[in-house]
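Report on the structure given below.
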């Protein structure tokens, strides 16, 4: 325990990244308490596009809504986009990767072929096609982003499984009469979650960015719900005439993605076995 | 000394000559314009496309029988010097200009008109312009193959063309748009499908090159039929769907003129250099939210009226659209000849709205979904602005953003509760209002599914009468009926705004569509960075 | 003459768990052309001592104090550039893992070649010829062909021969061999040891043999240093160490290993155990590091850290029994 | 009583191949191994890396599938566990256990000691109160303290982990334990602890061991019978003292002479072998040892020697023994 | 070797086939088809014309027959004809592929040219302020939404400094390429920098690097011959696999800068329901991805002698 605290302390990436992530999650959880206005219902066109001032710390948007409140509420949506889609990707990736690595044979060939295909279609384009198919919206975004980006996780999972499978304790478990399912989920999975977690945090970050890109093409989430990508995309024409419209959601994306990336890098440094060799 | 004096004098004279002439049209130079609507152009074959994006370019390569005159606010003759109209207003005899040449050098004759109109009607062409030519008698027989020629289309001699109409309508409205342009038969046949990417027409500019997805370049056509014109040597259309990029490109003088969206409108207005050079026009487009009258609450007229009362339309137009819109009265805009000057539209009156809802039995309000695209003026952004206003009278509106093609499908099948869109309300008021006739289905444009015997009656009367004033009177009445029935929320008439640099002259306030600029009369002076 | 003399060397690693006192006051002497065996279990600091000599301690590791006298000069005072002239040239080193110690992307001749080119100013071509010569010396069959091979085309024993060829190619005064045979099979181990002994005779190179295998030490070393927990606990002549071990650790160690042929059909002598585990390196104790495991521990051992006591000119022991 | 009888066990692995190649290469990891083991006795299997000794252990446990041959455990043919019912398989699993070489990779790093010991018993249907008692008993047996139960493997030293491995193997009361290099990864000072523990446990529970190792000294100390294995085949098998005193196979002889003896006075003439172990992908014809054999004759290259008995319990596969 | 290349290329076929199948059915069930889109909502298209159009495009036939016909064309190397433009998809794509390759390649050059040295220095100075600075820079690179970055660049370099043209292809010249390539390359660069750093740190801990140091050769030789070369293998994989996402990003960049590439063609065609064009673009993009990765796999052979693409191992 002391050991792990020390390890974390020596990882500025992890500390900074973790802190940022924690703040964003806090924002998302307590959006109602933290935001001074309602992000949708408190719109007042009379005060539209007001620059930052005491009553509106980040100014107001074109609909006369408080940007601060929208940024705070936006954390909820942007974060849930990142987390839910990455969770979907991770689950799909784990199921495929775990079973492919563990059972091998034709199933492994099939899954590897599938990931090759998935990797060769840029996920941006895949998501674009799916979003065009089912239309914009939060749930649809989950589906589009959550089903297109799992190939990486799958590959990492598989290679980790292949490595872990060769370890003696798996053989011991077999010799003790553990069933395959038990071995996969209690013996292998917990031990390979580290790298998957690293990929996961980076995936959350890239999903948030992807949402921004899709918003740019008009395929983000449904208004009036605030998402950072959507806010940024809407404000792009006024980037230099009313900069506060885009700066704050832009910064929110930047800081969050930066935080998640730093967190992921830090996690990698801790969880990656190679960093152990340094200490050894 | 004398020599020096003479020199000075002559230079002063020269100088005066040039400065005084500065206001007269000057030749030469390149004009960088934009094609802002959506992505790349799809085709420069006027008969085979129906996208505004393509027409912006097409109308400077090709010419139709008529052309829109921004001064007169209606179509005027382009390829003919004069027209004789029969008493029954059904037969039109056009005396064609004799000096019109195609870009390949061949002169234009009556045969070219007949061939071009036949091509449009030919089902193999799959042209969306069929409806324009259908006003000619015998068009339907030609389409169905019953007849090998169009009965109402006759060549008197090489330069005389006679058109007989099916009904009494003003043929200019149907025969001015670029999609019914006159094309050279031999080139179309020779190039086949390639005609769409390297067209030949009889317009002021000839096609030079098309960098797919980036720009289209046109060059001056020296044998253009209008004397002196065109002034410009070269026109470049930059394909720029992204407004933010357009804004920067215009400011760095990469563009000579640009369309201005509501977002940038106040900024351009504030900028003293730019605001001097802005063209503003109320376009013949009316923005509305179509209520699906088959959807529960919207069956009731009072509910529809209530929505109109509940919304502070003027505030939205002023604040959200930053004044780049004309406040609405009814469906037809002020630029339409049938505009009802003395009628007042719905004012903002939430009390009345509540009252009406109560009468309609929707005291507790209701919820409806409103489809819209990503458009910043007539998309979901506008619907968002309604949320707090309608909330006050108990109505919940849920904006549903859709992508154009998907929304079009739902609009045409009636699978929606409400949708926001921009609808053409001109130039011909009769055809504009025909959209809402009971016999017009949703896939014909009557998205609301509006049905009113009174309305239909007024339109029929307007169609039948030959008296222009009476006709306008009926149309106004129909328009007012529509206003009262309120199957739509009247949002605004578009105010189209174009900004240009001070060296640009001759842009026209086109009420049909500001981007449909006939560049034959446009010229640039020496201050242009592209004047050579 | 002493070619290498290490005085009170302290090397520490500043890790996340604190500071590891990997080498804690180590002194040893090696005569020119001699074979000095350093024996100890994992974590006893023997490899770190070797790396300290080579100047290859990288952060977070650090040599804290002490001197490393090589041929009279303190290596710690040399600049990196001067050190580079010694490394590989006058002191060279071979490592435990022959499978990973060679660059997989370079041919054997390039790996040996770059070293002789650096230290002996040979041209590329000369270096290739020299390489073949060296491979021949370490008894690699078809040296001309093998010189063009990549490491992955060779077996583990072969690679260790390449490592030895490389280490000896500049005719160094000291060859540090860090567990050179541990990863090899017994039959291959015999080959490699044999080879090293032969070459030692030929080149008159001194060998600092680091190993945990008492058998290997008994076989080749003249002088032996026994290390425990970062310290030298006993040193001396090989016969003295094996016949008459003074430190309780040395003697227990010798008794704990099974010896071939000692068991008879009727009786199986019980191996002597050293109870407990190796102490951690992070804490500095006020008592003998071996105290908790020592069979002869007395009360006094829990109160005082023993010092290294010279028994005679070349043997010493770190135990309170011999103090005072 | 004969606990285990292995007859002509062969385990081959397919070499790596892609979907396109038609040629199938084979790794002849275990190529005809036979031996039997009495209850309460120990057999040691000795050989160099890559000789297939680990595969023998894995095949016996059906962790890799044997290609051919028969394995009888308490008279029951257990060569292919997939042919047996689930219950029978569980029973076999209960009877045969394994201890691994690497104390670091043989324990699930994410499970506490208690879980490691508890779950297998749970799988085999042992009631929880019995399990609780058993865990405490096992810990005491292998020299760990009860409070260790809640710790994770990384909190233990190598020797302690090996003890955990032994406790885990013992948890199901097996009659046979296979030790795959059980001490070779341990520090010298710890090795003796584990060897002694294994011997004590054998005496107490009448266990049978198969000890697989490369270190002849260790095997000699533990095992009753020793089998020397080379390239998947047993080349010599004998009682421990016979093997040490009169090794017959040249390979056994070199192996014995190659072992460094921790005694500086004993400097022997050792037999230095040429080359290294050939790849099991492509074993030599005839006697598999002939390319390295110091007294190779012509026949050795073509004729594979049979395992012949030269004295009771001492068999050797050499033409000249 | 040649045999391996042929095999790999043959393996493209099932991949392409599978993807075309998925894409075909996804795209063909999209709400709205080319006729509704070409009609739009503003301009009314009468029913007869619509029906006529559907017939001409073959949209009236059942899906599986359309797919069959389409595949027949693909086998002959014919991607069919665009629904909206009277042009063959082959021609459309061939006009647009070069500009995309141009900026993609430039982006890769930028990414590799800056990313690798950045990651390398960062790893060598691990833990120092240089490390922190370059990694924060690198991570920032991936944290900016691309269109935002593009707009900022446009504002600074076109509007304020007036150094670069804000948009368009121009004559395909260097100046027009800079901003799109940079926008595209920054995220990729960051990724490569981070991968490089991790790879170098990993290689630095390898035994052979210690051997190299023990040889007494210069630090430069150690870093180049021993560290860098071994790092390259790890980096190459990332370069190859991430190439796909790079091409995905061109969609945004091309739209923003009016760059006439295949990415903007793809977006247009999706929105216009021009299915043959969409299909063609996707297949071409995938083809490029597969070829790039094949080339990278072959590069491995050049760099890494352990890898031999003979029949047995991969």
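Going in written order, the chains are labelled A, B, C, D and E, and every chain counts its residues from 1.
In this text, a residue touches a chain if its C-beta (ideal position, glycine included) is under 8 Å from a C-beta of that chain, and two chains touch if they have at least 3 such contacts.
Note that this is a predicted model, so its numbers are computed, not measured.
Trainee: Trace the shortest chain of touching neighbours from subunit A to subunit D and give its length in steps.
Mentor: The distance in steps between these two chains is 1.
Trainee: By number of C-beta pairs in contact, which two chains lead?
Mentor: B-E
Trainee: Using CA atom averages as chain centres, what separation in Å is found between subunit B and subunit E?
Mentor: 39
Trainee: Compute the distance, rounded to whole Å, between the mean C-alpha positions of subunit A and subunit B.
Mentor: Taking the average C-alpha coordinate of subunit A and of subunit B, the gap between them is 45 Å.
Trainee: Can you check how far apart subunit C and subunit D are, centre to centre, with Cα atoms defining each centre and the answer in Å?
Mentor: 31
Trainee: Let me have the rounded angstrom distance from the C-alpha centre of subunit B over to the C-alpha centre of subunit C, please.
Mentor: Here subunit B and subunit C have centroids separated by 89 Å.
Trainee: For subunit B, give me the residues that contact two or more of the other chains.
Mentor: 244, 403, 406, in rising order.
Trainee: For subunit A, what residues touch not just one other chain but two or more?
Mentor: 132, 135, 236, 239, 278
Trainee: Over in the complex, which subunit D residues touch subunit A? Could you list them?
Mentor: That would be residues 19, 58, 61, 63, 89-90, 93-94, 96-98, 100-102, 105-111, 119-120, 123-124, 165, 168, 171-172 of subunit D.
Trainee: Using the touch rule from the top, collect the residues of subunit C that touch subunit E in their complex.
Mentor: 54, 56, 59, 80, 83-89, 92-93, 95, 97, 100-107, 110, 114-115, 118-119, 150, 152, 163, 166
Trainee: Touching residues of subunit E toward subunit B in the complex: what are they?
Mentor: For subunit E paired with subunit B, touching residues are 30-33, 36-50, 52-53, 56, 82, 84-87, 92, 95-96, 99, 151, 154-155, 158-159, 162, 165-169, 254-261, 264-265, 267-268, 271-273.
Trainee: Hey, which residues of subunit C end up touching subunit D in the complex?
Mentor: Interface residues on subunit C, with respect to subunit D: 41-42, 155-158, 185-191, 193-194, 212-219, 238-239, 242, 252-254, 256-261, 263-265, 268, 270-275, 277-278, 293.
Trainee: In the complex, go through subunit A and note every residue touching subunit D.
Mentor: 109, 167-169, 171-179, 182, 186-187, 190-191
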